[in-house]
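The following block contains the structure, expressed as structure tokens.
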Amino acid sequence: MDREALEEKETARMEAFSDGVFAFAITLLALNLRDPATSGVSLSQGLIDEWPAFFAFVTSFVSVLIMWMNHHNMFNYIRKIDRRLMLMNGVLLLFVVLTVFNTSLVAGHIQQADANVAATLYAGTFFLLAIVWNGLWWYSTARRRLLGRDVTDQQAKTITRQYRVAPLAYGAAFVIAPFSGIASVAVILAVAGFFAITATLAHET
Amino acid sequence: MDREALEEKETARMEAFSDGVFAFAITLLALNLRDPATSGVSLSQGLIDEWPAFFAFVTSFVSVLIMWMNHHNMFNYIRKIDRRLMLMNGVLLLFVVLTVFNTSLVAGHIQQADANVAATLYAGTFFLLAIVWNGLWWYSTARRRLLGRDVTDQQAKTITRQYRVAPLAYGAAFVIAPFSGIASVAVILAVAGFFAITATLAHET
Amino acid sequence: MDREALEEKETARMEAFSDGVFAFAITLLALNLRDPATSGVSLSQGLIDEWPAFFAFVTSFVSVLIMWMNHHNMFNYIRKIDRRLMLMNGVLLLFVVLTVFNTSLVAGHIQQADANVAATLYAGTFFLLAIVWNGLWWYSTARRRLLGRDVTDQQAKTITRQYRVAPLAYGAAFVIAPFSGIASVAVILAVAGFFAITATLAHET
Amino acid sequence: MDREALEEKETARMEAFSDGVFAFAITLLALNLRDPATSGVSLSQGLIDEWPAFFAFVTSFVSVLIMWMNHHNMFNYIRKIDRRLMLMNGVLLLFVVLTVFNTSLVAGHIQQADANVAATLYAGTFFLLAIVWNGLWWYSTARRRLLGRDVTDQQAKTITRQYRVAPLAYGAAFVIAPFSGIASVAVILAVAGFFAITATLAHET
């Protein structure tokens, strides 16, 4: 294989590995939903009482889905990888995987007095994830280190600007969390919804 | 990479992600089967008593398998993707993932008085999934937006007609569920069986 | 894409889906290992007492691994797929997924009076899997339906003969199981070991 | 397909399968984190008390991630596979999968009197993994059996030397474990950190 083919093969394998982690994490979220059988109320009432679990499930599912979509999109521009990028991508995946645990924590505590603790961890993880994400992109674009040859500087800059929204929004959710857990989770859901709607309106690949 | 190669790479990555979720969801279904060790009867009797869990496992496994096969088939026609399609596909996967939870719910309640509640959720999720599926296909085919160049309008129309069966059948299962949980699940198994047999007779790729 | 490219893409996607299920099932086996913390003995003693779980884990892991290797090998010969093959492959995967549950059952009961019930289910599932496997191969080779053009009839026949070993061996394990659970599991481990050693000696790809 | 294309396809499928297991194992690690809800202290205190679970999670995550990166790198040099390699790779994956169980064991016992037992198993598994890894590499490079044609002997030798570090380091962790569980886990984390930092400084793909 020539150098370019090798680079593409490597990038493809890292994307595949990341896709695997995204896909498993998103599916594992379903394990946070529980049969309310033992709660002593009727099944329908039990399921309704369990609304925080469904709310947290949908919030996390949509958030991870949007991240996967953006990850996917990012690697239309990044065409080479090196070991530093692989490491940063690994740390990013660590935070994605933590979402599974955080979601169960939020679902279990959102209606309790300690909802703010769970929400702080939840929002904090997303915030760190957004920081790593921007670091990864900054590393890849600095001196066009890992960009595809056909990517224009203009395109790269547009994306840099788009990515800046996430740390700000998740940072806000993190700051709000100690005061109101539910408001913090609502902000995170709103972020996901915002990206989803923007994506739909923008209508670009 | 030229535009067409990029489009194919993107579509391939979305298929791979979807395959991951399908494969993982189908495997997680096995976690709904439990060792009846603590039920106080003999193991063989315990396993026989657990028939609803096996029944729900097979129903869900075959249903998800058929969906995967049709998803696979659909992307022989859809050769491009955009962000709206990715979002719709994501919602579709959300319902696939929910099947894991719904199956455990049906398995745990099918022999009880509240079987209809569990079955309503089970059938309702499949119904919504079928709606999203048809929406996704409609979006992709409208003005041939995302179809491959070599796909004829006739082929697209044939598939449109085939896909219409699913919302009707799952809608029926949803309507039946409040009256008889077991009848509703039986309809869903029959739908999967019908698609499986049709596929076998039709004998097309 | 031309017809051959499309066929290869489809086959590749089915292989990828199967690989996903094999990989998840093999990894989920690890969930059958439990921390013996609550058993009231020292950790080292607890882990030693848990030997059936490790024995069952290794037996299942190696069995599924060998199956994956043979599945992999089989699709060097099968180069086209149709919907019937996809269905048969799906049923095959259903039995692979059931192995996760069966392994936990064997691990939990192998030292008890009802070991034979667990082993019968375990061996029976492998037996059915072997039957479906042979059916799938028979279907693919009959009138060279799905074979690659460069595959010789001689090669196909050699494989047909090799595959006949599995139903016989698993059938034996199934017949033995009602009399001795441990002997039945030992046969299954021996089968995996036999295939592993043969593969190593044969030294073919 | 010609011979070389077939070889690459086979190698790619084994890489994909391995990636699946790596990705799945790394994601399952998250299931070892538990909601401390029932421990009777406040949520924030409960999460702080649970630090060993987070410590073990990060140690295992980074270790498996580094292994995946090295596995990825190794298959830039190994371009053909045979059944013996597949088997050795399978045994390697068995140890990777065991990490999920070992991590839960270490997390549950690191603060108790029997921490050394858990750590011995944890370090011992990584030690065996490193042995198998070196065996696999030795097998692939001996008489250049499975190396790509463009790989120089010098490159192969450099890697052989790098790989020797792992059994030594994990062997040390294994020897330390019976005396101090926490010191042993710290060594394993240090190994992962060392590889991560080296990789970052070396800055090669």
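We just call them A, B, C and D in the order they show up, numbering each chain from 1.
Everything that follows uses one rule, which is that a residue touches a chain if its C-beta (ideal position, glycine included) is under 8 Å from a C-beta of that chain, and two chains touch if they have at least 3 such contacts.
All values derive from a computational prediction rather than experimental measurement.
Undergrad: Give me the C-alpha superposition rotation for chain B onto chain C, in degrees, nearest 5.
TA: 90
Undergrad: Is it true that over half of the residue numbers where chain A touches chain D are used by both copies, so same, or is it different?
TA: Under half of the interface numbering overlaps between copies: different.
Undergrad: If you average the CA atoms of chain C and of chain D, how far apart do the two points sit, in angstrom?
TA: From the centre of chain C to the centre of chain D is 25 Å.
Undergrad: State, to the nearest whole Å, the distance from the C-alpha centre of chain A to the C-alpha centre of chain C.
TA: Averaging C-alpha atoms per chain gives centres 35 Å apart.
Undergrad: In chain A, what residues contact two or more other chains?
TA: 16, 20, 24, 31
Undergrad: What chain pairs are in touch here?
TA: Applying the touch rule to all chain pairs gives A-B, A-D, B-C, C-D.
Undergrad: Write out the stretch or stretches of chain A touching chain D in their complex.
TA: Interface residues on chain A, with respect to chain D: 1, 6-7, 10, 13-14, 16-17, 20-21, 24-25, 28, 31, 80-84, 86-87, 90, 93-94, 97-98, 100-101, 104-105, 108-109, 114, 117-118, 121.
Undergrad: Could you list, by residue number, the parts of chain C that touch chain D in their complex?
TA: Contact set of chain C toward chain D: 15-16, 19-20, 22-24, 26-27, 29-31, 33, 35, 37, 42-44, 47, 58, 61-62, 65, 68-69, 72, 76, 148, 150, 196, 199-200, 202-205.
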